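Going in written order, the chains are labelled A, B, C, D, E and F, and every chain counts its residues from 1.
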Amino acid sequence: MFDLMRTAVIRKEHFNAAHRLYNPDWSDKKNDRVFGKCNNPNFHGHNYELLVKLIGHPDPETGYVYDMKQLSDVIREEIITAFDHRNLNRDVPEFQQLNPTAENIAMVIWQKLRKRIDLQYELKITLYETERNIVEYPGE
Amino acid sequence: MFDLMRTAVIRKEHFNAAHRLYNPDWSDKKNDRVFGKCNNPNFHGHNYELLVKLIGHPDPETGYVYDMKQLSDVIREEIITAFDHRNLNRDVPEFQQLNPTAENIAMVIWQKLRKRIDLQYELKITLYETERNIVEYPGE
Amino acid sequence: MFDLMRTAVIRKEHFNAAHRLYNPDWSDKKNDRVFGKCNNPNFHGHNYELLVKLIGHPDPETGYVYDMKQLSDVIREEIITAFDHRNLNRDVPEFQQLNPTAENIAMVIWQKLRKRIDLQYELKITLYETERNIVEYPGE
Amino acid sequence: MFDLMRTAVIRKEHFNAAHRLYNPDWSDKKNDRVFGKCNNPNFHGHNYELLVKLIGHPDPETGYVYDMKQLSDVIREEIITAFDHRNLNRDVPEFQQLNPTAENIAMVIWQKLRKRIDLQYELKITLYETERNIVEYPGE
Amino acid sequence: MFDLMRTAVIRKEHFNAAHRLYNPDWSDKKNDRVFGKCNNPNFHGHNYELLVKLIGHPDPETGYVYDMKQLSDVIREEIITAFDHRNLNRDVPEFQQLNPTAENIAMVIWQKLRKRIDLQYELKITLYETERNIVEYPGE
Amino acid sequence: MFDLMRTAVIRKEHFNAAHRLYNPDWSDKKNDRVFGKCNNPNFHGHNYELLVKLIGHPDPETGYVYDMKQLSDVIREEIITAFDHRNLNRDVPEFQQLNPTAENIAMVIWQKLRKRIDLQYELKITLYETERNIVEYPGE
């Protein structure tokens, strides 16, 4: 009756944050040349849209790969509470030494969620920094 | 002149349906604990957005992988006619014994379309239950 | 410094519900002719998107017309709790005698919110039943 | 041949900015109570979507109410250059003394554009701070 | 029981068409200066999104302002059949002498629908030429 | 500190174009039967949405897989300048002998961009012809 084919579930959440892109080992001039207006020392910000994908087998008793309410709760506890209405450079420990590009934010989100999601599930992250700039972090 | 690279075409359709999530082998209490408000015995409902992806080689004479008008017709005949403005639990035979979670709905859609789509095409299903809850069923 | 021009703030929320359209004073035949597949006695459902607009003067001390967090809370208490994951016909008292068309749902939402929103604010409701069927209830 | 009915044209643009909401005349405690997480002293940010509406009569020779390329250029010169990738509180003179709520940002945008748009056109501003928080500033 | 407040219903439809903007009374040079790349004599095209709004009183027996299925049928008969997959300049009689700007297309749509929609309803047209260029034609 | 996991960046751009689908080796009758209203000899058109995905390793010094501003510039130079506000059949050399189906447009875009994007990056194209008709060209 139940097909044991691997299936993906995706939960979409969002957070609003400020950030600045720069490399502290570089001169102001080089930071300006490479990061342009994203290097504004007073910060700018985004509405980030986050898609968290888990791939696994549906449970024959529930028909769920993963309870989406639980997935939403895990994302809220690990990511939204830590990132929403924050300055990523100043308020989030992971970006004290790491440039908060969309690529790196997606990687940090993956690392934080990987600890909470059972390893029977593949975990993949998609992050919209804007409607036109998107990153996919596929993890292992 | 024509590149024979495998290419995907995706057609988006939608249907509106009522459903209830529960496992008839469980107590009311356990159904409530696991399925929460989705277990309302009077049903609730969704606008489902369905993406059907076919992967194959473009026909050198048409430049089409698949005629999207034909694909839309097949989806309408197999899925929309059967699911749209229906109660999935009561009106759709496939869910008489199968919990109509998004995971299971996507699987049933895949099985119904697989019979109609030539096996030279890979078939993959994405189903949006809401804007924030999404399932991908990749088939074989 | 502050302009006292009337300004609108709009909060978007959503709920998922089942419903059936019919007039109990009519024959089945007439209900079928008028309401078509929306008259399925087993119900169908939608993801409703709700926009609540308040028009008033910004407070010079806050720069807010209305605190959007408070507006979201009022909508949640009055509407989402009552309508989300419900069968509008069976579970919601206002639709025991009133056909739950999008027009009537918007009117009921307006009436429920009007009691909670100070009369210094104009109140207007927009309701998306689907992406393609939309209703605006302007109130008084 | 041409109908001289008043018609609206709307141009959509966007900018990404950081901001903080607070009233410098208030205690930290009161700012926290009123503005909550929007009062983060390290700032947070948004992708703002801006709709600029001009209402006027189509020119019988062009069929245009207003050249949308020109409207886009005016918005870019007056708003995008000044606000995009900026910290509204620190980098934008208009918000040195004015709390950058969505209401006030919309009012400032209206005031800046009003100087550039001929008075034969009504001017109205809609600003999306997030997909769920929207402001309309109708001007005079 | 039923509130007789005026309420709006909106139906969204779409069509895909080619067009070219120019004034036959002008030199090529002037057409190029005014209409730029929209003046390509080989045409370009758009996916137009059309919103048709009717304002009236809900019928106490149905709860409908207007049957959305009927409204969709009228739009299809009058507009979609005539405009979809057409070259507006060459295939649509109304644009033989009228420049197919979004403003003029919205006016023509209004005129064609006004003949089919009972005068007890106000009729208003919104037309998206692109996601960023929008026109509203309010009619009388 | 930096994870060298392969990561994808996606840039979204758009262009508006006219086209006609037909095979010059076929009779009018056969073209009509196969391509239907897409075979209008006067052309029709679309707002194409283009997603360009590059897969590679983030640079440890910038945190970028690829500078999105540079990617946008490359897409503009190679694709937007050549396709936007054009008639694909008449104005674009690649479609003189090639039917401009979405499948073929995506392939041509891939070929044009492949020459400009360093081979260390995988390149994948997604093209929306309409909101409901989508093509993915995965390249090699």
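Basically, a residue touches a chain if its C-beta (ideal position, glycine included) is under 8 Å from a C-beta of that chain, and two chains touch if they have at least 3 such contacts.
As the structure is a computational prediction, the values presented were derived from the model and not from experiment.
In terms of the stated touch criterion, the partners common to chain B and chain D are A, C, listed by label. The chain pair from B-C, A-F or A-B that repeats the E-F interface, sharing more than half of its contact pairs by residue number, is B-C. When every chain is reduced to the mean of its CA atoms, the largest separation from chain A belongs to E. Under half of the residue numbers at the interface between copies chain A and chain B are found on both sides, making the touching surfaces mostly different.
Chain centres here are C-alpha means, and the one lying farthest from chain B is D.
Between chain A and chain D, the centres computed from C-alpha atoms are 29 Å apart.
Put simply, the C-alpha centre of chain B and that of chain E have 33 angstrom between them. The set of chain F residues that touch two or more partner chains comprises 131. Contact between chains, using the touch rule, shows up for A-B, A-D, A-F, B-C, B-F, C-D, C-E, D-E, E-F. Residues of chain C touching chain E in their complex: 21, 23, 25, 34-36, 97-104, 106-107, 111, 131-140. Touching chain E in their complex are the following residues of chain F: 14, 16-19, 37-38, 40, 42-47, 84-87, 90-91, 130-131.
Taken in their complex, chain B has these residues touching chain F: 1-3, 5-13, 51, 53, 58, 61-65, 67-69.
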